[in-house]
Every structure is written in C-alpha cells, then in structure tokens.
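In the two complexes that follow, chain A is the common piece, with chain B as its partner first and chain C second.
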Partner chain A sequence: MNRKADVVIIGGGITGCCLAYLLSKKGLDVTVVEKRYLASGATGACGAGIRQQWSTRENALLAIQSVKIFERLSSELGQDIEFRQGGYLIAIHTDNEMEQAERNVAMQRSLGLKVDILEPERLTDVVPILDVKGMKAIGATFCPTDGHANPFKTTFAYADAARKLGATILTHTSVVNLKTTQKAVSGVVTNQGTIRTPVVVNAAGVDAKAIAEMVHIHLPITPFRKEIMATERLEPLFDAMVISFTDGIYFSQQKEGQIVGGIPIPEEHSGFLSTPTFEFLSHMSRTLTRYAPVLRHVNMLRHWTGFYDVTPDARPLLGPVKGPQGFIQCSGFSGHGFMISPMVCQLLAGFIADNKTSEVLETLNLSRFKGKTTDRELSVVG
Partner chain B sequence: MKRSIVCRCEDIAEEDVLQAIEEGYTDIEELRKKLRIGMGPCQGRVCLPLVAKILEKKTGEKVAQIPTPTVRPPLVPVPLGTLASEDDEQES
Partner chain C sequence: MRIQSHPILDFQQRKKLAFSFNAQPLVGEQGDTIASALHAAGITTLTHSVRYDSPRGFFCGIGKCSSCLMRVNGIPNVRTCIAPLHEGIRVETQGTYAGLPDAEFQTHSKTTIRVDVLVVGAGPAGLCAAVEAASQGATVLLVDENPSVGGQLIKQTHKFFGSKKERAGTRGIHIATELEGELRGLEQQGHVRVMTEATVIGCYERRAEHHRFGVVQREQYTSYLYDVQCRAAIIACGAMENMVLFPGNDLPGVYGAGAVQTLMNVYGVKPGNRVLMVGAGNVGLIVSYQLLQAGIAVDRVVEAAPIIGGYHVHAAKLRRCGVPIHTSHSIKEVLGDDKVQGAVVVALDEHWRPKPGSEERITCDTICLAVGLTPSTRLLAQIGAHQSFIPEAGGTVAVHDQHMQTSIKGVYVAGDASGIEEASTAMIEGKIAGLAAAVSLGRTKNQKLLSQYHRDLEQLRAGPFGEKPRIAKTKITQLAEVPHARV
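Moving on, here comes the complex of A and B:
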C-alpha cells in the first residue's frame, strides 16, 4: 500500500466515522485507519444514551447542538439510526445533589434547554416501574428531548455516507508510527504501508494516549474498564433513561425491548483488563431491582465490558496541540463521546477544513491542564 | 415470502445475512452488530455456525479461520432476582 490523503483519521469509532463524513462532504480526501472493525471500541460497547443535562457549559452546549443534528441524522444519512427521544430522568438523593441540580438546570435553561425538577411523586409518571422509596429519591430532573440512538447503526451510517463521498476506510489496519518533518506531521505508518498526509486526527479512544506518545505528546488519559448488561426483550415499559450520580447507575429500554444498563464496579481500578466480573452483575442486579423491583423476574442475557478514556476533568481533549502541526486530538471523551460526537466533529471539521476555531474548541484544548485548575464535569455515571 | 431463518432469537434470515455481506459487512463481529445475530437468549449457539458457513461461501474465508465473537457471560439467561440474591453464603 502506498497512499496519500488530505487527512488521516486514526480510529473507526463514532467520532472517526462522523469526522470522515463531514470532511469528505467538504471535499477533502480522507482515510480512516481502524485496527479492528468499525465501532469495535468504546462506541460499540457504550450505553447508547444521548443526554443534554451536564454540569459544565461546554458539554451541555455540545450535547444540545448534537441532539439537533441527531434529530435529522437518519434522513441526512439515508439510514435509520434508531434515534428516540424518551428523555433522561436523573434521580436526586440528597440536599447537596438538589443544590447542584438547581445550578445545572439554571445553566441548561440559559442555553435554551427544556428541563424541569420533578417532585418525588412525579417520577412514576415518567417511569412507572420505579420504586421511589426503594431508590431513596427526593426528586429528579427530567429533560424530555434527551434520548438514545443505536451506536453501531450510527457509526455504520456515517461510514457508508463517507465512503459514498469518496473516503477510504481501512479496517483491520493498525498504526505503527507517525511520521513528522520540520515540526509537522507528514505521514502515518501502518502495518499495511504508509499513508502520506499533512493532517492526522487522533480519534483512537482509549489508545489515543499511545498514538500521541509516537510524537512525544503526553495526553492525560486513563483507561477505566466499565461493565454493562442487557436483559431479554420485554414489551415497552418506559421511554426514559434513568440515571443516578449517587449510585452511578444508568438504565434504559432499547428499541428492541431489552433493558440495558451499567454501574461502576465496586473497587474499580484503572487499566486495560477487560474481563467482565461477577461483582458488577451482583451489584448491578441489586441496585436495579431496588430501583425497579418488578425487574427481578426478568432474565439477564449478556454482560460485556468497554473502556472510558478518562481525563482529569472528565471532559474531552479536542483540537491542535503544542507540538507537530497538523496533529489534531479527538479523544478523552470520558464515557460520553457518542452523545456529543455530531457537534464535536462539526467543530473539528470546521477547524481542519476552514481553519475556524470556536470557544468550545479553545476551552477543551490540551493546554487547559498546564498549571491551571479546570472546571470539572460532575454529571458522570457508569 | 419464503425465508430461511438463520437466527431464531432475532428473526434474521439467510437473505438478511447475504445482503449485509453484499453491503460490505464481512467481519462476523460487524455482522453481529449490524443484524443482532448472537445477541439473543441462545447467545449465538444456533446462528453463528450458520453465519460463518454463509461467510465462507461468500468470501472464501474458511470457517476455521473466522473468529467467534467475544463471549458475553452468562452462558444461559439468569433472572436479575437470582443475581441480586444475598443468600450465596447460606447455600454453600
């Protein structure tokens, strides 16, 4: 293989494929390099949720704008991505959480989001199977336009659309090294040959850190194994995703009828170990049946692991770095990449193709960690 | 219309698998994610050998060379109430 491209994207997950589509649409010659198959990393293992209720302004903005894109994405890409807006119900358990929820809701409303704080007795109006006493909730926030989509179908739809516009997508191809000349990137060396290019996008998820080390850039990304499970298919019971920051649990019912959810594993450690644990299953089942006792009769079918690529402030790393020119970051999503990918990629595509920057891109640049304290995202689950 | 069912859990026919392969989904993991084969209660016991056979016919790759998708525990469905039970120690 001896190729060249305007842009090489490392990683065939949701951001890699979305960015390939947007850049191809702008007329650039794009190649995606994926070491396994599309959506084989965090995208394919994720909980599929799309939430706009965040504590930091950047995440809320990215998510609100992404939902606007998700709303028209099936028709734009010509494939059903199974986007559904059943809302997100965020349980509130303590007075401290209530104060934080009030701050979050005020900020989110200032951005135009429709979101409300519900009294405890209203929770079952949204999700009838909940046991409000069992889950020890004193209220909840609810945003009806949050929802979920099928991460595989969304990634495949972006990839197909990108291919139709001329992008090359190489699966089962690993990056071995990055080439630089005179302080700028000049190529990507893969196990199938070298691709010459002036722009490399690092969208390698949990492997983004190793990719950046190839050009001596240190990314503060730590891998965390996360577990998730799916039940058998059931008749439609509820539309909303239920989450709790206190318990760390999240669960929703997907289009096919299965309930999918996760919770942090007790005694969680960072690292690349990917085996599922019984501790997770036991902890998840106990918490889930406390939240919705009727589910104790439901069969759990499958249980798998994926990775969060966690940054010190749980916010993504986006845009250029101080180092080789043309080396663009699109990583560190810390467990919420899928839901903000449409807008993140739109901003990055504008930067790469048209040299347009934005407030969000500047705020989420790697340079924010240089001796400064950063605004941490607090609304994290799983 | 006559359909040859490959995956009973998710109601996927041979024709669906063939069409997905035509569309370029030639990795068994990709097919799984595209069609949900192997995601039902049987965990692929019924469909995956058949899908591997269809892949062999279409792509020429030998069944023995086609990797089986990652195993997702448990091997049989288990009620959440059983997993949530705190009686393990008394039983043993």
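Moving on, here comes the complex of A and C:
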C-alpha cells in the first residue's frame, strides 16, 4: 500500500466516520484507518442515548446543536438511523440534586432548550412502569426532545455517505506508528503500509492515548470498563430514557422491544479489562427492578462491555495540541461521544478544512489541564 | 398427525396430557414438547414475523433459532420447541411483541458450585468429555439446556459407520442410552453432577485454572442461579442448521432437516405428508430415508452441487425406494400463502445459476433444508477464545490445539462447535478434551491413552469423506501454533 491523503482519521467509530463525511463534503481526500470493523469499539457497545441535559454549557450546547443535526440526518444521509425522540427523564433523589437540577435547567433553558422539573407524581405520566417510591425519587427533570439513535446504523450511514464522496475507509488496518517531520505530522504507518498526510485526527477512542504516545503527547485518558445489558423483547412500555446520577443507572426501550441499560458495578477499577462481571448481573437486575418492578421476571438476553475514555473533567479533548502540527484530537468523550458527535465533528471539520476555530474548541483543548482547574461535567451516568 | 407404526421406534401409547392453545382445549402426550404437541394437533403457525407479520413455524426444533417463541402460563418468549409439555398448561401465540410476564416466579439466591471441569452441552462430545474427565478422577458439572441428555444422538435412528470401537453398527439412539448409562453411573458415585434445562449464560472470570460461569436453571416457575467456579471448561455446544435464501423460506412447513428428524424420531409426530428435501449430503439422505420409514412420502431430493455429497450407500437405499435425487437442482421458491403448498425447483448451470425455462412446480406440504451446519461458537466468542473463519469447518470456529485447548488456557472445545464433522469424531474429540483437562489438572498422567485417542481420530478421518475435516483441523491446529497477530 502506498497512499496519500489530505487527512487520515484513526478510528472508525461514530466520530471518525462522521468527520470523514464532513471533510469529504468539503472536498478533502480523507482516509479512515480502523483496526477492527466500523463501530467495533465504544460506539457499537454504547447505549446510544442522545441527551441535551448537561451541567456544563459546552456539553449542553454541543448536544442541542447535535440534536438539530440528528433530526435531519436520516434524510441527509439517505439511510434510516432510527432516531427517535422519546425524551430523557433524569431522576432527582436528594435536595442537593434538586438544587443542581435547578441550576442545570436554568442554564439549559437559557440556551433555548425545553426542559421541565417534574413533581414525583408526574413521573409515571412519562414512564408508566416506574415505581417512584422504590426508586426513591423526589422529582425529575424531563426534556422531550432528547432521544436515541441506532449507533451502528448511524456510523454505517456516515461511512457510506463518506465513501460516496470519495473517502477511503480501511478496516482491519491498525496504526503502528506516526511519522513526523521536525514540526508536523507527515504520515501514518499501518500494518498494511504507510499513508502520507499532513493531518492526522486521533479518533481512536480508548486507544487515543496510545496513539498520542507515538508522538510523545500525553493524553489524560483513563479506560473504564462499562457494562450494559439487553432484555428479551417486550411490547412497547415507555418511550423515554430513564437515568439517575445517584444510582448511575440508565435504561430505555429499543424499537425492537428490548430494554437496554447499564449501571456501574460498586467496585469499578480502571484498566483494559473487558470481561463482563457477575456483579453487574445482580446489581443491574436489583436496581432495574427497584425502578420498574414489572420487569421482575423478564429475562436478560445479552450482557456486554465497552470502554469509557474518561478525562479528568469528563469532557472531550478536541483540536490541535502543542507538539506536531496537524495532529488533531477527537477523543476523551468520557461516555457521551455518540450524542455530541455531529456537532463536535462539524466544529473540527471547520477547523481542519477552513482553519475556523470556535469557543468550544478553545475550551476543550488539551491545554486546559495545564495547571488549571476546569469545570467538571457532573451529569454523567453509567 | 402421529406416526402410527415405525420399523425401529415404538411410540406406544403414552400418557395423554390436556392443555390449551389460545383457549382451545387440546391433548398431547407425555414426552412431547409444546411445539411437537401442537404439530400433532395440526397447528404449525407458532409466531409471526415482527417485520412482515407473516406466519412462522419453528425452523431448528432444538432451541437454537427464535421462531417458536410463545407465551406459556403467562411467561413470554418461551422456546416451545424444547419446552416440555405439562398437564394443564396455557399456551398462547404472542402478538408482534410479547407482553410482560404475569406469572409469579419463585426465585432463589445464587448458589456457588466448585468443580474441576465444567462441560457445556450433553451431546456426543460433551457426554464423552464428562465421562472421560470424571473417570480420570476430576469432578465434573455437565450442563445442557434440553430436558434430556444425548444431544442430537437421540434422534439418530440409523446405524453408525466407522470403527467398531466407536460403536459402528449401533444406532445413534442406542449410543445415547449407552453413554447416558456410563454418565449416570459416575453420577451415582458422586463424580459428575448433571444439570438439564439449564443454560450457561456467560463467562465472568478467566484466569489460569480459575474460570467463573453463570448458569441459570429454570423449572416452570422456579429459577436458580448458579455461580460455577471451575478449573477447566469444555465447550461442546454443537451446531445450528443453515438456512438458504429463497422466497417463502420462513413459511410454516419449511424446516431444518434435523428439526424434522427430531419431530419424527423423538416425538413421533409427522411433519407433513409429502416432503421436498433440499440437499443430498448425509443429513439430507438419511432424513429422507427416515421420512419414508415414518410413512411420509418424499417427492424428491434436490442438490445444488453436481454430485451427491453423502455416502452412496444412503443414496442407493433411497433410489431403491423410488425417490429421485436431482443433482444440479435447487429450490427457487415456495408456493403457498400461510403454509407450504408446493415449491418451484429449478436446474442450475455449471456456475450454480438457475437455468431459465427449467422451472418445475411440485406439490408438497413440507420442505426440509439439509444444507449444512454452522458451529455454535457464541459462548467461546464471549469467553474471548481466538476464532478464525475456516470454510471446511463450516464457518468461524475457535482455534484449538490437538488436545482441543483454545487460545484461553483451560478452555477446551469439542464436537461440532470446534468444526462440523460427525458424531463419531465428536465423541473422540470429547474424550481427548476430557482427558487433556484431567491431565492438565494433575488428576491423571495417562499420556498413552491420549495418544491412543489421537490415533483413533486419525483413523476415523482417513479416507475420502474425511478429507474436509482433515483440511479444517490441520488449518485450525496450525493457527493455534503461531501466536496470532493481535490487531
């Protein structure tokens, strides 16, 4: 293989494929390098919820703008990505959480988001199977335009659209090294040969840290194993995604009828362990049936793991770094990459193709960790 | 439609069991599954396609596909093809989606079981693995999701070929009984624990000599969760029948040939009155002959390849009974709206493309697909055993060494799950895995016996019909020797 490209994107997950599409649309010659198959990493393992209710302004903005893109994405890409807006119901358990929710809602509303705080007795209007007493909720926030999309179909739709515009997508191809000249990246060495390029986007998810080490850049990313399960298929019971920051649980019902959700196990360790745990089985079934006792005798059909690429403030690492020019970060999504990918990639595409920067890219640059304390994203589940 | 008389099997009057289907009273027999009792009563539509809302019957008959899911006594999504019939149960079809369960279950807290060896699957390979490991002094837990042990041997009424040592000349059903006898003997001595109607739901820890599996056993309204901690595991979970693509392939009446064999030979129920058999490998030929034995007409056997794949002695027997075998022919489509009423068969050219104008309409009520098997490797994939696509093995299989050990130390594979072959070789592979596990755990040092088993296996694979598995196994063991490129 002897190739060249305007941009090489490392990683064929949602951000890699979305960015490939947007850059190809801008007329750039793009190559995606994926070590396994498309959506084989965190994207394919994720719960694929799309939420706009965040505690930091950047995440809320990125998500609100991403939802606008998701709303028209099926028609834009010419494939059904199964985007549905059933809303997100975020349970509130304590007075502290209520105060934080009030602050979040005020900020989210200032950005134009329709979001409400619900009294406890209104929770079952939204999700009838909930047991408000069992889940110990004193209220909830609800945003009806939050939703869900099929992570595989979305990734494949972006990849197909990118290919149609001339992008090259190399699967089962792994990056061995990055080539640099004195100041800038000059190529990507893969197990199938070298690709010459002035721009390398690091969208390798949990492997982004190892990729950056190749050019001696240290990314503060920690891998965390996350577990998720799907039940047998059932009649439609509810539309919203239910989540709780106190319990860490999230669950929603898919179009095909299965309930998909996850929860962190009580003692979670960082690292590249990928085996599912027995502890998850019991912790998830206990908590889920406390929230929705009618699911008591429903079978769990599947249980799998994926990785969160967690940064110190649970916010992504975006844009250029101090180091080789042309080495662009698109990682550290900390478990919420899928839902903000359309907007993040739009900003990155603007930066790469048109040298346009933005407030969000500035805020989420790697340099934020240099001796400063940063705003932490508080609204994290799973 | 029950089989009235049979040259080998005796379906003597079994106890009648009353049950209801969509509120309609029906009667089945002791030993039936729900699906076989419904078939005997002429009910073949068990579910509807979620996407097309078209009627569906079962396809595999052994709990591996999902086209027989029904609501039983308020429990949704029950695999009726392996769920035993009980007196008084309430069977209902589900709508597009299953409703929530409305039965009250008793649940029990988790029980921990510690054994030397966990064997998953009680077919020929798993039975032999369990018997071998236990005879060599290891403690064994054998888990199978069916109500009885024996796997697919329990429907094989034909006499086995091969060597006398591997029970050539004995019918599969009798081999199952013999193996079960050995197993129960070891069970009585406390060396083996047998758990049926139980499913291994996953592997949760894998370290050298310490593996942790979850097992769920469900008996009507009681479910038990076991935390199984073992030093070695032998995965022998068999294979699934392949499907071919043609219009109407999901209509009730289109079955896997193995499913029809189960229905006839295990439950004594006729699948229909006139059958089109697709595929002239050993399964297609043997099941065709067994259909005749059960008093069912076989219109013809069509085979897409230009030659018959199975043993010629089977083909000759069929031809003597007047059943034509058409090579370079295949099925084009099924006729009928709600159930099979016929089929269109077509001749194929040398590139396996249909020859225009060669279509022929035939009348039949059952279509059997005998078009190969795919190894069941999902548990191995979940465990993380390295897999590779080996066409001669029937698909993706776990790479394993000659002692049947996968890339995960202490995890072994045997039988069809390790590459499609036949029951005789599956039994030896099971013995090798069982013995190798016992040796690695220090329960025995019997290397001589291990070498003997390897020689037996080689002998069985000698000859032209052993060529494909020989190629497959050579590829698989060669892959096991090189550390694979981690990508």
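Just so it is clear, the second predicted complex is superposed on the first by the 382 of 382 C-alpha atoms of A that agree within 3 Å, B and C clash if a C-alpha of one lies under 4 Å from a C-alpha of the other, contacts with A are read in each partner's own complex, and residues count from 1 in each chain.
Keep this in mind: a residue touches a chain if its C-beta (ideal position, glycine included) is under 8 Å from a C-beta of that chain, and two chains touch if they have at least 3 such contacts.
Remember, predicted model here, so these are calculated numbers, not experimental data.
K.L.:
After the chain A overlay, clash or fit between chain B and chain C?
P.N.:
Partners clash after overlay.
K.L.:
Is A:Ser40 contacted by the first partner chain B, the second partner chain C, both or neither?
P.N.:
First partner only, chain B.
K.L.:
Please indicate which partner A:Asn299 is in contact with in the superposed arrangement: first for chain B, second for chain C, both, or neither.
P.N.:
both
K.L.:
Under the stated touch criterion, which partner chain does A:Val176 make contact with: chain B (first), chain C (second), both, or neither?
P.N.:
So A:Val176 meets neither chain B nor chain C here.
K.L.:
In the overlaid three-chain picture, which partner chain does A:Phe152 touch, first (chain B) or second (chain C), both, or neither?
P.N.:
The answer is first: A:Phe152 touches chain B but not chain C.
K.L.:
In the superposed arrangement, does A:Ala210 touch chain B (first), chain C (second), both or neither?
P.N.:
Neither partner.
K.L.:
Have a look at where A:Glu256 lands relative to chain B and chain C in the superposition and call it first, second, both or neither.
P.N.:
A:Glu256: touches chain B and chain C.
K.L.:
With both complexes overlaid on chain A, does A:Ala106 touch chain B (first), chain C (second), both or neither?
P.N.:
neither
K.L.:
In the superposed arrangement, does A:Thr289 touch chain B (first), chain C (second), both or neither?
P.N.:
After superposing on A, A:Thr289 lies in contact with chain B but is clear of chain C.
K.L.:
With both complexes overlaid on chain A, does A:Leu281 touch chain B (first), chain C (second), both or neither?
P.N.:
In the superposition, A:Leu281 touches chain B and chain C alike.
K.L.:
Of the listed segments of chain C (78-86, 348-356, 384-392 or 456-464), which one clashes with chain B in the superposed model?
P.N.:
384-392
K.L.:
Of all the chain A residues, which ones make contact with chain B and with chain C?
P.N.:
Residues 36, 172, 232, 256, 276, 281-282, 295-300, 303 of chain A touch both chain B and chain C.
K.L.:
For chain A, which residues count as touching chain B in their complex?
P.N.:
36-40, 44, 152-153, 156, 160, 171-172, 230-232, 256, 276, 281-282, 284-286, 288-289, 295-304
K.L.:
In their complex, what parts of chain C are in touch with chain A?
P.N.:
50, 75-77, 95, 97-101, 103, 105, 110, 201-206, 212, 214, 227, 382, 384, 485, 487
K.L.:
State the interface residues of chain A toward chain C in the complex, per the touch definition above.
P.N.:
The touching residues are 35-36, 172, 174, 191, 232-237, 256-257, 274-278, 281-282, 294-300, 303.
K.L.:
In their complex, what parts of chain B are in touch with chain A?
P.N.:
10, 23, 25, 27, 29-30, 33-34, 36, 39-41, 43, 70, 72-74, 77-81, 83-84, 86
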